[in-house]
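So, here come the structures, one by one.
Common to both upcoming complexes is chain A, partnered first by chain B, then by chain C.
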Partner chain A sequence: MTEKRIFDEMWGREEDLRAPYTLFKDWFDGEEPARLRAKQREAEELFRLTGITFNVYGRAEAEERLIPFDIIPRIISGPEWQRLSRGIEQRVRAINAFLYDIYHGQEIIKSGRLPARMIENNAAFLPQMIGVNPPGGVYTHIVGIDLVRTDDNQFYVLEDNARTPSGVSYMLENRETMLQMFPELFARNRVQRVETYPSDLRSSLSACAPEMAGSNPTVAVLTPGIYNSAYFEHAFLADQMGVELVEGHDLRVVDGRVAMRTTQGYKPIDVLYRRVDDDFLDPLNFNPDSALGVPGIMDVYRAGGITIANAPGTGIADDKAIYSYMPEIVEFYTGEKAILENVPTWRCSEPDALAYVLDNLEELVVKEVHGSGGYGMLIGPTATKKDIRDFRKKLEAKPANYIAQPTLALSTVPVFSNKGLSPRHVDLRPFVLVSPNKVNITPGGLTRVALKKGSLVVNSSQGGGTKDTWVLED
Partner chain B sequence: MQITISHTTTYRFEQPVIFGLQQLRMTPLDDVGQTVKDWAIDITGGQHETGFLDHHRNQVQLMSLSRDVTEVTLTCRGTVETSNTNGVTGRHLGAAPLWLFAKQTDRTKAGPSVRRLARQVEGDTELDRMHNLMALVAEAVSYTPGKSQADWSAEDAVIEGHGVCQDHAHVFIACARDLGIPARYVSGYLMMDDRTDQEAMHAWAEAHIEGLGWVGFDVSNAMCPDERYVRVATGLDYSDAAPVIGTRIGGETESLAVQIQVAQQQ
Partner chain C sequence: MLGKTANGLYWMYRYLERAENTSRLVETGQRIGLTRLSSSEIEWKSILQTAGVLASFEANNDELTKDAAVDWMLRSRANPSSVLTSLEGARQNARMVRTALTTEVWEAVNRCYMKSKDLLARKVNERDLPQALNEIRQITALVRGATHGTMMRNDIYDFARIGTFLERADNTARILDVKYYVLLPTVMSVGSSIDNVQWETILRSVSARGGFRMSYGNDYKPTDIADFLILDKRMPRSLAFCVGKIRGNLGYLAKTYGETPESYEKVTELEERYLSKTIDAVFEEGLHHYIQTVLRSIGDVGAQIEIDYRFYE
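Let's turn to the complex of A and B:
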């Protein structure tokens, strides 16, 4: 990978326009830069207004929470997407089978493919889930696998996000904004729809309702409340699905079900899409100090009286040390080789791996096993000498807390800047809905883009922005 | 032996209850050495909500307290037929992996005092070592009702040098796990030869021994459970096997009265 040019999704490596971008380029070349700049500003204003119509934050806070949007779409061809979809579906099915196994027979441990300590020392392992059969056998109702690309045909899975993937509201808003701004673009390009996501989400969740639910299950979204950074998304999704947005204090156990307070009294909930972490979900069974959850919900769940999405305890699949075993996990449960590749990963808990990592810190990305959001990581090639020295100490003190990966040459996609089109690194988070008989993958997903030139960190908490992601019909 | 049990718990609240839930682990099930002939839990001042078998195969019942009550009574009554298995309850059953029982919990974390105690254990076989451990714990932690705190850890009890059956079980479990042997907490009833009325349920420990499976050790009585013991719930420690875990809004200043009768049916 050394010295070769970075793969750009519009221009490839050699400034040859790639096919998916042909029609877009024709359009772009015919546009006045001044008009596009005005459009870019208009798009930003639209986002600001949407943030404020939710009326949660004051204007100043809304601006602070605004994630920059770039008007240049990221374009993926139909055949490219088909290959990706097959890999994603395989991976998600394997993760569900893995979670079932970990909470039942633990065959993968008995077979010697996964060391028991990977589960024993996994903070997300919930003994209360042992032997529990989630309705429909689904653990991860909603998954947001993070993918990166390094070449024409080379994608890697960076993270599985089986616990609580967020960001789907940006995917939907980005598309809506683009449709409003540039209707003519969508007339020229046949772009697969993402707008059905809220209704797909509702039907996918409904299909996971417990047996006792009627033909039209009651779904609700549980939020920690307005101070949560993703409250906007919780409110947005409830609104788009046409279901209630509830907080813990709206719910209580009534007649053996979890029910929400309504003007007509308590109404039982069949499926709860919760955006409250496991530990806070039930003060009777987990953290007794939590005021965000519903006391007794785990009792009702274990008795089969409600579906909790995603299932409690799914976080074990998000552990970065477990991630390093994903190729084995996929093979163990599907009997097939993994279609999507993992990034090669050194587990610093292993002495040989640790020695290698310590010798090559300048070239590696080192991550905390339980970390997320781009915090607590070292990106060797861009780190200062002092960063590396400090990180070396942390690594030596607690090697098992870390994994390391090579620094990938993430693909770039153009963003619209003062100089016209400028390449910036991107990743991709497709959203996957799982129900007993179906894995539904929304074509596209959320493209996050590192707006700083050369930066590889796309997290919004670290100055990343987003783009509309197109999957073409053919 | 046929053992009849009657266990009444009465909660009195000076302020009326607004909302409350209680999770009960008060139902013995058929198991090695015991057959439940009949068992019922009556609730006044509240209602049954739902029930399930937990990951330790305990029968769990969730009940709610009625709004505005000031008194709630739980009455468990039943008959259990038992036999003497010398404490052996056998093969590990259920989906909970054995390694879970070798992991320390907050209540059974091995501090310096627990580890010092564990290091004194001697014996040629695992079984011998567990018998020796039972004696060592009894010696280090004297049985003294009324002077310990219900939330003590194993380490607390060893440092204080006294405790009740719950502390004995925790210390035994903490030491066994420190020695690499899976162990668990058992809550249940013990029929006593000299009296029928009792003030509290009993607790003891079980260790998982190669070749035998689970074997009970009652530190407080320096013996392995026999036909006078009825197992009700098991768990990693008290908090997993407690007869009642509750949460409540309103109902301030609770007072609690417990009446237990355990007798051999004549």
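Let's turn to the complex of A and C:
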């Protein structure tokens, strides 16, 4: 990569303090580093006590780990956010329209904008959803759009998370922790609130309840259980919404409704916010070995007896192969050009693209179409010769499994280190709630930060941390 | 409330109570060891027996020594009732029912777990034992304090209390079951120092020497001790007290849910038939037989609660 300076969200490219950080810098300059270090430790203690942990699969020891938290906020100005949220809303509306279409008339395929093979042999496409009308017409009740930034006005969508995006509990707990530790910062800066997310989530889900539900629908969160890596978040959200946290074995189909076993017998559920993958949702309709789901829930769903959030089959919209068509998808359903840009993407299923990718592996990021969590990917510029050789073989064996993108010069944001402020690469996941009449975007979202100097991998499973994300009022 | 949640609350508080009781038994054993008036091995054997872990101890250890017994009761992972596994169990259940707990209770139980993991990371040597036991009692007391101070008095609280008192009644009954013979009039060789140690042991294992003295004076009489542990309703670990609490909380549940469950009938019967008599009548019936009957009924009530409130299905 050329030695061009990376865009830093505090300092820009030229060491000019950017406006959103003005008040913060005044404050920071007046702080004793020793006090801040103590605060950093205090934050960790708070997290440990609250139990904000994630479980690491396959490790008996240290089965619960903390995601490192950095006390320096990431700050976004009001106008920057307005533009972003317009783009996010447009994209999320398009995703819902796309999902309706793909499970009904498939106009987009008939129009020739999307090749039929993208759907036909795609495991994320659920034939069981064809012709099904989800209550309220909403497919993706909760969406997380992963964004990266490369310049003042340049954001890219890295990924759409339309299945069961996680991380919102960190967004909330990070803010809570900052409010506890640095109340004076919030007195100076006018930061938009994120605290309403749980109640917004509950009203948004309730607004999507099936018609038969009364004015106060029963909502529940479905978790795979306490050993799941995101269990903390499931419990946290259920608690904050004031709804039950259920597991598959608490549920059963009773008289055509999905009902939970309470101390007083079975009680029907109207809206199920499930944090269980499609495949495990219903052993009768999907994976027969699943012990996490509810036998027969799909039949109740098809009959309109329950809302499942997100709807089964939404994975077809955030599939990495479909991702490359998102600009077309947005235009097709909204009639407007996409406000948010995609990262340029080579589909290795196409011979020309594959040839280019194979020739330029050292420069590119290559991802598995169905992978997640930063596993199974190649980051060309930082990979060893052997990594690249090995990857080339995999790529040649199954080109359709991969897409490739240029290595973006991700923006940096300062973290608090032993040497004071040091720049580290970040991404951003805003959370979006969709109900029949409304798209609600929480100002901010989850900022993930690669704590290792120079690293571009922000995933918590690979040494990433998080930060509080501020959107200023103006 | 979910049946699973009722189950989780019940077990969370049973495990907390168990951890406390086990640490109290360890402390008792440690104290008797210091008096040198009885064989340490026999005492540790009866303590393991009281904790209900003698069989598993013998299956895993060649020799019964004080160190091995203490370690087994405090921190062995192979012992499902050790203090460490109990506190882990309490915290695991708390995680499961996180949404039913206040933040303060959750943080207290989480702190309790983290602290106990530190305290019991390695074998606790004799010198540090009193301090460690003390701390364990304190961190579990914090959970109880947060429970009293912050939880709503609703069905959540009822299941927490039922778990606590079932475990406690069971524990007191087992102490009596193992030690009943020292309370029998036939072996009463009044005032011998061995008897005094035995009686004190019993009182110590329920942290009740002070309470006993206050109510019965300085003279240890076996019938008084039996009366105190079985029938005295002022004594928070007596069978009558615990069973009364269980009936009370089952009664609140019945009122909340508008339905009187079978477990309520069972606990009422237990209370009326066995815990509303005089201590003389108990001795007439035969202390050992009586205690075993009560122990069994407590188990029955527990099993019926699981069914009545759909803990598992």
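Here, the second predicted complex is superposed on the first by the 459 of 474 C-alpha atoms of A that agree within 3 Å, B and C clash if a C-alpha of one lies under 4 Å from a C-alpha of the other, contacts with A are read in each partner's own complex, and residues count from 1 in each chain.
Heads up, the rule we're going with is that contacts are C-beta pairs under 8 Å (C-beta built on N, C-alpha and C of every residue); 3 or more make two chains touch, one makes a residue touch a chain.
Here the structure is a predicted model, which means the values were calculated and not measured.
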Partner chain(s) touched by A:Ser417 [first = chain B, second = chain C, both, neither]: neither
Chain B versus chain C as contact partner of A:Asn287, first or second or both or neither: neither
Partner chain in contact with A:Gly296 - chain B first, chain C second, else both or neither: first
Which of chain B and chain C A:Arg48 touches, first, second, both or neither: second
Which superposed partner A:Gln192 touches (first chain B, second chain C, both, neither): neither
Larger contact residue set on chain A - chain B or chain C: B
Which of chain B and chain C A:Gln106 touches, first, second, both or neither: first
Overlap of the chain B and chain C footprints on chain A, listed as residue numbers: none
Residues of chain A defined as touching chain C within the complex: 48-51, 226, 231, 235-236, 238-239, 243-247, 249-250, 260-265
Of chain C, residues touching chain A in the complex: 1-6, 92, 95-96, 98-99, 103, 106-107, 110-111, 114, 155, 253, 257, 259, 309-310, 313
Residue ranges of chain B touching chain A (in the complex, touch as defined): 19, 21, 23, 48-55, 60, 62, 64, 94-97, 99-100, 103, 236, 245-247
Complex contact set, residues of chain A against chain B: 103-106, 109, 116, 120, 127-132, 252-253, 255-256, 283-285, 288, 295-296, 299-300, 302-305
